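I'd like to ask some things about the structure below.
The first chain written gets the first letter, and so on, giving A, B, C and D; residue counts start at 1 in each chain.
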Amino acid sequence: MKIKITRRALLAGTAATAGVTAFAGPWKHNRVWAQRTDKPILIGLTHDASGQFANSGQDEQRGTIMAIEEINAKGGVLGRKLSYIVADTETTPSTATRIAERMINRNEVAFIVGAIQSGVANAIGQVAQKYGVVYFNTNSSSPTEAGKDCQRVKFVWDGTGANFANAAAANAVKTFGKKWLLLTNDYVWGHNTSKATRTTAVQYGADVFDEILVPVGTRDFSPILLKIQQAKPDVVAAAVGGDDFKVMRQQTVDMKLDRKPAWLNNQQDWPDVYGLGIDSVFGVFGTTWYHKLDLPGVEDLVKKYQARWPDTRIDVPGNVFYNGYMAMHELAKAIERAGSTNNLKVIRALEGHKMSARDRLQHGDAYIDPVSHHVQQTIYMAMGNDKPVDKTDYFKILSWVGADDAKDKNEATDCKLQPLDKTPSYEM
Amino acid sequence: MLVAFAIFGTLPFWISEIGLYPYLGAEVLIFCIYALGYNVLLGYGGLPSFGHGAYFGIGAYAFGLAQFNLSSSLWLCLVAAILAAAFFGAIVSLFISHRRGIYFALMTIAFGQMFFFIASKWTSVTKGEDGLLNILRLPADFGFAAYPIQRNIPFYWFVFGCFVVTIIVLWRVVNSPFGKVVQAIKQNEARTAFLGYNVVLYKAAVFTLSCAVAGFAGALFAMAQGGAFVQVMNLQWSGVVVLMVLIGGGFVSFWGPVLGVVLYFVARDLLGVYTDTWQLWFGLLFMLVVMFKPEGLAGIWQGIVYRKQKPRSSASLHLLVMLRGR
Amino acid sequence: MDFLLYLLPHLLNGVALGLLFALIALGFMLIIGVMEVINLAHGSLFALGAYFALSLMTPDGGLKLGIAQLLFDLPIGWRYVIVLILAPIGVAVVGMGLEVCLRRTYGKDPLYGLLLTFGAALVLEELIRLTWGPTERFIPMPPSITGAVFIGDLIYSKYRFFASGFAILMIGLLWLFLEKTPYGALIKAGAHDSEMVRALGVNLTRLRLFVFGFGTALAAIAGIVMAPIWGVRPHVGVDAVVPAFVIIVLGGVGSFWGAVIAGLLVGMVVGLTGAYATDWSLIAMYILLILVVTFRARGLLGKKSVLEL
Amino acid sequence: MALFEAQGLHMRFGDRVVLEDISLDFPEGRLSGIMGPNGAGKTTCFNVLTGRYKPTRGRVVFDGEDITGLPPRTIARKGVSRSFQLMNLFNDFTAEENVLVALPAMRQRGFDLIGDAMGDRDLRERAEAVLERVGLAGKGPELAKNLSYGDRRALEIGVALAAEPRVLFLDEPTSGLGTDAIARLGHLIRKLKGEITIVAIEHDMEFLFGLADSIAVIHWGQVIRRGTPAELRANPWVQNSNLGRLK
């Protein structure tokens, strides 16, 4: 047993990144130590590197890291450089909790950024709230994130399932018809998203005649596809996510069923489709950003991305990258506005903050909702591109909806942020 | 035993110095409890369950639900978690106790998957993939005084206390007449039946017991995380506990699982800092252990001790027996 | 009548699904039946098959050897046929490497074989992620087997016809091999009486190496055939190994027809629950397993095996 | 009055008839033998008698009670104990633990989850006594798997004895043993004879002839001869048959 101690000690010696930490004094406020002003601001990046969302996790990581490098190239924030540490959250909440604890207690990060899956985001959010660390949920789009599971320290950057439903449903009733069938992945995100779709669709006169619950982990959609054919709906509104969605897409496209009923897919994450060929995009779906938006600055970002990440298989930036990239830049700006890395000041600087369409590289202005901490933003509707200009041009952008129209009205009632004065002060 | 207690009993004083952190210590201890309970089933009973995460998860959910709906007493909530896990374990044991080997293993997978599936589906109760959040670390009320265990270090002490209790209970169980019978069943089920034992009942009992311990650990884990998440119930996490127990040497030692858990978490935490591909290195390490030292870490340790201690004094023999477990 | 018309496509679909499930389980069955090793790396080898096929089918797979260019220049149909032969051979080599590692566990508790392959599964999956990246990949298929067919007014996938036909072919070939060739007889003898095989003067070590390689090649074939249906991603193997496991136990360890029947049964159950109670379709297979094993200890057609000890 | 009786046992596996109308009785306090060539149905008969298999037809009666088809553990609890032909010890237990687990007193405490199994002096003394009885005094702390072949056989009988049976069934006790060990075993069984009722299957005729009070010969699933050793020895059929070594 003694051997173990020495081995551990040895390992500790090699783990040079860890500063010498001691636990002293009462917990809540001992985190506010005098900081040397030149000490880098350490950001903990909690992106999935394995598990179901490894691919998206790595894509948002490219976004956050690129933003950090750009900020540092301009001299950092408040005279301090940004540095970062990365840990794989494995798409697993228990891992995420441990990593958040480690980042805060051992690595002493100032902020935590990154999430794809809502369970992971919640696990990190809870730890962050306990210590008061500001946490950015970059890419988990469960409506509960800015609803009942909102946190004072947590900010949600992606559009949620409800946003996409709001943006799409009204239009789809007019365009495709009134006979609707819902295809719902049998988990919280699926249920919430379908609920939002149903509400909006019914409001615009649709008849939702059936809802098929698809168990999470379904690998064969053939019975479901047959069932859909037998039911003959005008519109199939699908809230199917993760690997299930990839499998469903593949099987639907293979059977050429992607044209006959109109498919309304909630959101299409870029990393999930890129590389599979333009044919593999099916249905109408939402996204927060596209690399061929006709806006100033978009092309620049694409070029910068390609220069920085020449080796990645994803040749152009997509929405997942974009959310990570924008969030990190906004974090730096918020620190600048707050004049401090103190969490409470940063939170105040973020709440209600307005971001211009120009800065966001979107068509409409966006703002951080002070009620739910959700970034209310432009939502684009898109479909597979029938006239691509190059091999990356998968999407045809159909329309866009401004922040206030896409907004999820339930957030205001569902979300109850912890009071700011009950949030521990934290500064690194 | 003393060495283990000494290391874990002083851990908060030095863990930060070696580059780790108290939360990790608490998590390690919780998984030690889980793994030790599991090893009573696998190492002593010879019954490979590949769906044990289910009972860990049931414990976590039961703890959270009890806290929200029943009582704000820590003890009652813990008891509820243990009973819930034991209850479902007992039901499952009715189906699987007359099975052996691979059929036993498969049935545990099937039931584990069912529980996992139900937990993911029954979102109104478990909150599905979002997780059952805001589970509190309730104060430990001893009647004469109540201690808050919100912060990580007091929480660590609390978990350590639970660990000690678990060790003592399980140690007594494996050395009790019941423990002997269970070991006899592992070695020779038919013979044990011919000696007049109702082996099915014993298998059911040991399965239920280890489910109860898993539920206990699950409840502690819910406190540690402040929530209950469905992922701990999936097949992969059920596999991880088997892996930890065997790599540590659960077949040859009571303490094996503890070694395995420590190795797993520390290696993962440290490898995870340097590489995203820790799974590759850990997998390789694991293959090497299975190939060259299937008795696991405890086997290596025993090899060293035996070689050094050819002429044993009775005192050191006693110590050795305590260390090896059996 | 309406009811029957509604049911019929689902029944047929269930049969097609069942054949695919049986195909997925074949390699697993061979290894568990003959060597009494539970090969948890089956899924990763299944995935590896798909990735090898990816690399051989298209330059997109990252294979930069000059000789591969010859392959890429072939018409896609021929390329596909060649890949269906070459990729499994490649995977078989990997599998044989694994068998060499496994030798140290022979004669011990079968749990150790299971654990070793569990470790191998982790390693293989991570190697796949390192080599080909975490992104979803796409293997081009000959156009003659993709697309849709019309059955009445229903559309069905052409590829599924091909895949289930292929599954029947593989099941038939394997059966012929096991029953009608001297090698098959040897393999079956090796399953139950290793002493007899030794007495016949056959090198048991080599026989096991061969069987394991053969089993992993079957896993790879299943991986390639399933790729257009399930997609190709590093962790796709998990989707294969669990059903394979279920099917083997349901059918009974060591029984060829047991596995085939169980595969069909699972396919039918998944197909029908998919139509009538979609939200229960995934768990149906486990409920089926629990029911069968509760009443028939060794599955449908199982024999006694050391794995029970 | 026989303590243990088999009445008209039939046993079929599939369409194979293994036992056909077997009736046997084993009087109290005697040593009865069953012999026959390999494959004659001896072991199946044994397994039916001790409850491992349920006979297709017929009854097994112990002490006036019908025990046909009861599970092995119930039969064992009534006082029927058996040893196994292929040695069936708890290999990772010590010799003492092997015996300990078999004691009825231990069985009664089987669901004692917190007591110390090895701390009960009374139990250990009883176990020690059994070991002594089978000639293994002092070998208690040895692991069963490390014992010599002869010692293991003795322990096998010790485990069966520890259950404090009224009837002890021995399945081919001499198989695999050398001459010395057989002699030792003979000595041991002779000591037990008279204390309890013993039924032994054996194909070593010499061994059985020297010990048994009466012997039944089974062939093709039927009892073909019964009698005392002397009667059988004189029987020309037995002499001519190849039932085993007969000097």
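The definition used in the following text is that contacts are C-beta pairs under 8 Å (C-beta built on N, C-alpha and C of every residue); 3 or more make two chains touch, one makes a residue touch a chain.
Values in this document were obtained by computation on a predicted structure and should not be read as measured data.
Q: With centres defined as the mean of C-alpha atoms, identify the chain lying farthest from chain B.
A: Relative to chain B, the chain whose C-alpha centre sits farthest away is D.
Q: Between chain B and chain C, what distance separates the C-alpha centroids? Give it in angstrom.
A: 33
Q: If you average the CA atoms of chain A and of chain D, how many Å lie between those two points?
A: Taking the average C-alpha coordinate of chain A and of chain D, the gap between them is 72 Å.
Q: Averaging over Cα atoms per chain, report the distance between chain B and chain D in Å.
A: Once rounded, the distance between the two centres reads 42 Å.
Q: Report the inter-centroid distance (CA atoms only) between chain C and chain D in whole Å.
A: 48
Q: Could you list the positions in chain D whose residues touch two or more of the other chains?
A: In chain D, no residue touches two or more other chains.
Q: What parts of chain C, by residue number, touch at least two of the other chains?
A: Only 126, 129, 279, 282-283 qualify.
Q: For chain B, give me the residues that contact two or more of the other chains.
A: 117, 121, 279
Q: Per the touch rule above, enumerate the chain pairs that touch, sorted by label.
A: A-B, A-C, B-C, B-D
Q: Residue numbers of chain A touching chain B in their complex, please.
A: 1-2, 4-5, 8-9, 11-12, 15, 17-18, 20-23, 27, 49-50, 85-88, 91-94, 97-99, 101-102, 105-106, 117-119, 122-123, 126-127, 130, 142, 144, 149, 186-189, 191, 215-216
Q: Within the complex, which stretch of chain C touches chain B?
A: Chain C residues touching chain B: 38, 101, 104-105, 108-112, 115-116, 118-123, 125-127, 129-130, 238, 242, 245-246, 249, 253, 279, 282-283, 286-287, 289-290, 293-294, 297-299, 305, 307-309.
Q: Residue numbers of chain B touching chain A in their complex, please.
A: The contact residues of chain B facing chain A are 3-4, 7, 12, 16-24, 27, 117, 120-121, 123, 127-131, 133-134, 151-153, 221, 224-227, 229-232, 237, 262, 266, 269-270, 272-273, 276, 278-279.
Q: Considering only the defined contacts, which chain C positions touch chain A in the complex?
A: Its residues touching chain A are 6, 9-10, 13-14, 16-17, 126, 129, 133-138, 146-148, 153-157, 159-160, 228-231, 233-235, 239, 270-275, 278-283.
Q: Under the touch definition given earlier, write down the residues of chain A that touch chain C in their complex.
A: 49-52, 54-55, 58, 186, 212-220, 222-224, 226-227, 229-230, 243, 246-247, 250-251, 254-257, 260, 271-277, 280, 313-314
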